[in-house]
Each structure stands twice: as structure tokens, then as C-alpha cells.
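Both complexes below contain subunit A, partnered by subunit B and then by subunit C.
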Partner chain A sequence: MAYNRLPRRKIAAYFADELLAGHDVTRQLAAYLVETKRVREARLIVRDIEAALADRGVLLADVVSSRDLAADTKDAITSFLKKATGAHDVKLRTSVNANLLGGVLIETPSERLDASLRHRLNQLRATKI
Partner chain B sequence: MTGHLYQFAASSHEAGGDIFSSLGINGPMLLFQAVAFVILIVLLSKYVYPILIRAVDERQKNIEAGQRAAAEAEEKAARAQEEIAQMLKEARAEAKDIVATAKDEAAAMIADSEKKAKARAEKIVRDAHEQIEKDVIAARKALHNDTIELVALATEKIVNKSFADSVDKKVIATAVKEEA
Partner chain C sequence: MPELVVNDLSKELRDAIQSLDVSGDLESVGIVTRVGDGVAWVYGLRSAGANEVLLIETKSGTVEAFALNLNEDEIGAVLLGSDEEVVAGAKVTLKGTILDVPVGEELLGRVVDPLGRPLDGGPAIKTKHRGLVEREAIGVLGRKHVHEPMMTGIMAIDAMFPIGRGQRELIIGDRQTGKTAIAIDTMINQGRQKSGVINIYVAIGQKLSKIARLVERLKEEGVMDQTIVVATGPSDPASLLYLAPYAATAMGEYFRDNKKHALIIYDDLTKHAVAYRQMSLLLRRPPGREAFPGDVFYLHSRLLERSAKLSDELGGGSLTALPIIETQAGDISAYIPTNVISITDGQIFMETDLFNQGIRPAISAGLSVSRVGGDAQTKAVKSVGAHLKLGLSQFRELASFAQFGSDLDDATKHQIERGQRLTELLKQPQYTPMSVWEQVASIYAVNSGAFDKVPVAKIQEAKTALLTRLWTDHKKDMEELNKGEEKITEDSKFAKLFDKVATSVAKGFEE
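Right, the complex of A and B next:
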């Protein structure tokens, strides 16, 4: 059976709406990608879904730090993201990378804030003449 | 003396002969000799004397020519001497001019060389200053870069060993506040 190749934006919008409605769309998305032979686009589609969610006020942010973040730090980051993006709901996806040395790296679908010590040191090194 | 002549004439008269006989002179012979002498004179005048005179004249001419030539040569020598003196004078004047010109040129060349040497020395000093300045700038850059690298490495080491959670928390809070 032949499928019309839908644009990624439409697919993302559909699955974002489904997620906001409280449906688990993981299997459905996987099945769709396999069926339409677009498995290679999975990462891009997931990113588009995150962007669509952000447009709808739900922000998914990747937070990388050199050690586990305390609850109040997470709250501070959440508050900051709400204020900065206007999102009413912020979900943090945290991970630890000791190579950052300290500070935090925050990535949203549209923005990137690198406040890590590693980045600061790299900036310092970049001032070499 | 007159007495003696009278005495001789008297003795000759007394001897009964004429005076020519007394003297031993033969008249015809004398005549013959006179004619022969005249002929000799004529022949000599006609054939010998002209040749001798010509030779003498020629010799005289040659002598006069030699004298003229000698005089001319002497005159020429004198003129040449004067010319030489004049040439020497001119040559001395010219040499003096040449020496003066050479001195002037040498002085000009020395002045020019001094000027060039001075300019070259100034350029060398200027280049040296520029090179020193470049070296200083390069050294400053190297120092700057080394310092940055050292600070970065030291920070990494210190942070790895003794970066407390509380400090990290403050760092994150500060970063979030700065971006807000």
C-alpha cells in the first residue's frame, strides 16, 4: 500500500497534540516510521515534535551537568526556562557529564545555553592570540 | 844694397854678354815656357777650374744649407723648448685642476658615503627597533597564551579535585540569573 509522504511538521504537530491529550504515542510513531520507511528521520521527527510541544507551551529541555543537580537547582532552571520561553510547563531531561567540570548546559528545541565551566575555559582559550 | 846691384851690373857688362845671358835665361825657352804657361792656364780655366769652383760652390752651398738647417734646428729646438715649457705649464695647471677636481670629487664621495652610511646605520637601528618590538609583541603574545593555557589547566585540575557541590550550585544559579 502506498502512503502519501507527509511533511515532518504535520507529523510532529499530530503527535504533539496526541501527547498533550495524554496518549502514549511511542508505539504509534514507531509503527508509522517503519511503515513509511522513514526510520532514518526518527531523530528529526522527535526534535520537531519537541518544537511543536514548545509552541504549545510545553518545553522539553535537556540539562547536562557535571554532577547530579539538587532539587532547588532544578527548580531554579525550570523557573528560568518558563520565564525565558513563556512555556507554562517545563520538563527537564537531566544527564551527567563530568567533562563539563561545573555549571550547566541547557538545550531546548530552539535555544542552547552553555553555562558550563568547560565552555568558559574554552572561551578563555579562544582568546589566545 | 843698391851698391851691390850696381856692382853686379858692372861685372856683367865687363864680361861682354847681355843681362839675360848673365842671369842664365834663355829667351826662346822663356817664351816657350810662357806660352806653355798660358796654354796651361787656359786649359785649367776651361776644364779644371770650373769643376773645382763648382765643387767649392756646391760645398759652400752644402755648408750654408747645413748652417741654415742647424739654425733652423736650433730655432726649432728653441721653439720646442718653449712649447715644452708652455705645455709643462699647461700640464701643471691642468694637473692642478685635476687634483683640485679630484679632491672635490673625493670630498663629495666621502660626504655621500658618510650620508649613505648614516642612512644605512639609521635603517639598521630602525629595523632592529622594529624587530625588538615585534619580538616583544610575540613574547607578550606567547606569555598571554601560556598564561591562559596555564590558568585553564590549573582550573581544570582544581575543579576536578575540589569543586564542591555548593560552589557548582552557585555557579549554575549565577549563570541562570545572568541569562534571565
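Right, the complex of A and C next:
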């Protein structure tokens, strides 16, 4: 029943702990979502699990750039994220999107740093000059 | 394509580029999961605070919202603009502030929406200060008892239910009984009497044509320069209707905190409660009595508690509130009316029956009360109007009793006749607020018995003749009396003057 639903945060905390213990939880999570008719929330729960992992010091970050990043840039981003979030383990998922025009867009489960050229130009447009 | 030369860039553009946010910090970001009916549900933003402003990115810019429900898994936020552009999946960031509005003298004479944006077609409003929409009320030590009069110019109110600066006096009654008329007359009176009181009129879901008429009238009367109108119409989102009184109070508090006096009229809080009910139900808060949420009392108590008379240490400014509540078929025991009656320092109850009998303002002498205004009443008015309320209530009782028999003793007959003349005297057309001396002279003339032989139908004419004669022949005395500091006792010079003039005026109207 609706009011007995477990909050996503509690589910995420359990699966994060399981993941850190080295267990494969994909099938278990899928079964749980089907059983509780919460398949539609899958994306949010995955994101919540990522946030729970971040709370435990394991940070998954998406890095989007306009062209491939050099290894030392990736290292710089990793050390920046370690410093900014206090995480001890940072994993980057990089991708390329030419629409950014330049710079990078870093997204963690709950935060974002948009240092792309597109964002700055949008900001400039918002000032209506 | 011409080559872009950096030197050609205007200074403004260069400044804008320099001022771009280049801080290398991570910002919290959430996602809209559902949106509809002016409410957005946001995933993430775990650090958001209650009432904090959220910025939702849309294709055509950002839409502001404020967080009202902070649940474990999501935030329920009420949009301050249209929800047409907001889509599921839109990014949401925190503005880092709770809602605030522009406040200050720059707003005087303007018609604005609850966010301080002009609605009168005038230039953009640039103020030096901003005020928090939600703010805690002043504590006990920061207050002083209500002791200065806030003259409404309506004789029935100033004589029987005086209002003081810093008081909260409810105006309650059915539709079309003259509630707003009292509020407007009070605003006009502040201009006529040059009291220096700033008027703030908050229209909550009122018809825009009514607001336009009001603004026109205030301009005609010359009081718009000391008035701020905060307007919301029936087609505005519920969030704006909900915010309107709080935003307007923030504007009033600026004057209160700067040693000035302000008067704020909430027209009306019934619609405000309905807007809040709509928001609460959409936010899935549990409904209670009449489907209002559990905190509907707090909704109005925290609003009205901000109206106060400040202590001398804080400058002695004041914010007087005249909330309006509309009842259904005179039922003052409904949920919202009882709530607001218990919060305010008294109420002026308007009766449909009196209104239909032509007794306007249709103020019920029996059900109306002012709990703190006695100390604030002008001495002159107090001395002549001391027993007015009791006399009038007794008259209404006797009059209904006397309908069944014609054999009445002389004392009762006399009381009924006096009561009829008093009732007639207290009739007052709209937009004609009276000054202190006019009120004192009129009440004295009837109370002293000078008008006893004037037919009831001619009381108003006799009153006008008396006032004209007094102003023509004794202008200086009346100006002195208008300060209101002198008590009218039987042997005071004013009493003698009134007796003399009223008796001679009455002779012209006797049958």
C-alpha cells in the first residue's frame, strides 16, 4: 500500500552497502522493483544509489566535454572532485558532446559544475545584451 | 561576415562577460519529476530549506518556485509563474535565498503584483531595500500598547469601535454589505486628515475591474500618492494569491520599522485561505475541517501578528491591519471566520438586514467590538460617544419589543426616539469620511437632546446645517477641536457652543 512504501533513500542505502560489499545486486533490485510495482522509479533509484555511494566516499561523476579529454585533465578533474566532495574514490564516465562548444560539464548524483562555453553564452544571453 | 574586433565590443558587453559566474564550485541540482496545476515535484536538492526559492530551467528562461513540502524523497514546490514551460526532467537549482520583495518609498503610488513587479504600466520599480516575505513577528519587548488613534472617518466606528495604530480590526460580513467601502473610506480619510499614514491595499483574487475602479477613485481623492496597491486577480496562480498578503506586509513593515505609520487592508482573507487550501491539497497535505489544511490558523495568525505598534526604542512606528472576511449567510461560526475573529483585536460586523434597511454603513452594534482601541480613542470623541454603543444596542432591543404594543411609558418612548435619531445620524454615505470635530458636534447635538424635536427624516439635513454653521462662524474653535485633545464636558466651552448653535439650527427643522 502506498503509505507502506519504503522511501527511495532507504532502498538506495541498502543497495549501496551491498554494492560496496562486492555483491551483484542488479537482479535483486530489478526483482524488487517489479514486485513492488516501482519500475517507473528505476532511474531515480539508480540515481539515489549513486548518491548513497557518494555519501560513502565512492563518487560516480559524468564528465561531458566538447572533445576528448587528455589524461592529465581527467586527473585534474578527479582530484578536484575529491577535494570538493570529500570522496576517496572517484570514477569518471566521460562522453563527448560538441554542442558544449568548449569547457566541461561535470555532473555528480546531486551536484553539477557547468564550466562549458555553451553555459556561459547562455548566461550572457540571459543578461539580454 | 564582418570580422569581430574585440575593441568594438561595447563596454557593457565586456563588463557582462567579466561578471559571468566562473566560480569553480559544484552547485546542487535537482530534476523535475512531475509537474501540473502549478505544483512541481523535484527530485534531489537535499540541501533545500523551507520556503527557499528554486530556479527551474526551461526553454525560455528560468521559472521561480518555492519549496513548501520537504519530503524524504522529493520536494513539493509551488511555481510562481506559468507551468506551461516547465517539463519533467527540467534541471532545478537553488537560488540560495528565501522569497523577498522590493520595499520602500519607491512603491508609493504604484500598483504591483506580490513579487513587486509593476502592473500599472509605469516604469520598472527600483528600490534600495528588499524585505523578506516570511518574517517572524516582533517580540513582546519590541512592542508598545496601542494608544494612538487611527481615524477611519466613519462616525459609527470612531465613536463606538475605535481603532488604534497597531491594532488588527477585522471587517466581517456577507457579500455586498459594504466591507470594502469601509476600508476604502479609511484610506481616503488618511489623505483628507493628512495623518501621514501610508495605505497598503492587498487585493487577493479580486476582480481586476474592481481594483481598477478602486485605483481610479484613490487617484481622484488624491490619496494614491500615499498608497501601495498589491493586486492579484482571479486568474492568477494560487501561489501568488497566497503570497500577496505576506509580500504586502513586508512592504508595510518597511514603514513600520522606519518610524512611520502604515495601514494594511487584506481584501479578503477568505479567498487567501481558499488559495492556500488549493495549494495544500495539490501538495497532498492531509485535509481537515472544510478541507482546509491543519495549519490554516497559523497561516493567518503569523500574518496578522506582524501588524504591531513598536516600542519607543524601535522608533514607535506602527502597522495597523484591517483584514476582511466574507461570511456565508451571516455565519460567523464557520472555520475561517472564527479563526480570524480569535486572532484579531476586535471585529466590525456588517449585517445584510441593516444594509437592506438603508442603514449604511451596516455596522451591527451588538456583534461588533474593539478590544484594544479604547485607549487610542480621541478624547473628544470618547467623551461624547461613551454610551453610544450601549444606547444603540438597547434601542434595537426595545424597538423590536415595541413593535408588538403601542402602550409604552414615556421613558421607553424617549429612548426609542433618541435611538431612531442616533441611527439616522450614524448613516454616512460612501467617500465622505468625517473629521473629529464633525463627529463630535454631530453626536453631541443628538445626545444632548438638541435635535429631539427634529423629525427623524430630517436629522441628516439638520446635521449638515449644524456643521456648516459651526464651520462658517467658529472655524478657529473647530480647528482646535479637531486636534481631539479636549474632553467635552457639560460646562466646557464647546458644549455651550454646540448647545447654542444646535438649538438654533433645530428650530429651522421643527414641524
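We adopt the following convention: the second predicted complex is superposed on the first by the 124 of 129 C-alpha atoms of A that agree within 3 Å, B and C clash if a C-alpha of one lies under 4 Å from a C-alpha of the other, contacts with A are read in each partner's own complex, and residues count from 1 in each chain.
Everything that follows uses one rule, which is that contacts are C-beta pairs under 8 Å (C-beta built on N, C-alpha and C of every residue); 3 or more make two chains touch, one makes a residue touch a chain.
Note that the structure is a prediction, hence the values are computed from the model and not measured.
A.B. asks: After the superposition on A, what does A:9 contact: first (subunit B), second (subunit C), both or neither?
C.D. replies: A:9 contacts subunit C only, not subunit B.
A.B. asks: Identify the partner contact of A:124: answer first if only subunit B is touched, second if only subunit C is, both if each is, neither if none is.
C.D. replies: Touch partners of A:124: subunit B and subunit C.
A.B. asks: Regarding the shared-chain residue A:110, is it in contact with subunit B (first), subunit C (second), both, or neither?
C.D. replies: In the superposition, A:110 contacts subunit C only.
A.B. asks: A:31 in the overlay: touching subunit B, subunit C, both, or neither? Say first, second, both or neither.
C.D. replies: After superposing on A, A:31 lies clear of both subunit B and subunit C.
A.B. asks: Looking at the overlay, does A:44 come into contact with subunit B only (first), subunit C only (second), both, or neither?
C.D. replies: In the superposition, A:44 touches subunit C alone.
A.B. asks: Tell me which partner A:66 touches in the superposition: subunit B (first), subunit C (second), both or neither.
C.D. replies: A:66: touches subunit B, not subunit C.
A.B. asks: For A:85 in the superposed arrangement: first (subunit B), second (subunit C), both or neither?
C.D. replies: Touch partner of A:85: subunit C, not subunit B.
A.B. asks: Mind sorting out which residues of subunit A both subunit B and subunit C touch, each in its own complex?
C.D. replies: 80, 84, 113, 115, 124, 127, 129
A.B. asks: In the complex, go through subunit A and note every residue touching subunit B.
C.D. replies: 65-67, 69-70, 72-73, 76-77, 80, 83-84, 101-104, 113, 115, 117, 121, 124-125, 127-129
A.B. asks: Going by the contact rule set out above, which residues of subunit C touch subunit A in the complex?
C.D. replies: My answer: residues 10, 12-13, 16-17, 20-22, 24-30, 33, 43-46, 61, 72-73, 91, 93.
A.B. asks: Going by the contact rule at the top, pick out the subunit A residues touching subunit C in the complex.
C.D. replies: 7-9, 44, 47-48, 51, 80, 84-85, 106-108, 110-113, 115, 120, 123-124, 126-127, 129
A.B. asks: What part of subunit B is in contact with subunit A in the complex they form?
C.D. replies: 141, 144-145, 148-149, 151-152, 155-156, 159-160, 163, 165, 167-169, 171-173, 175-176, 178-180
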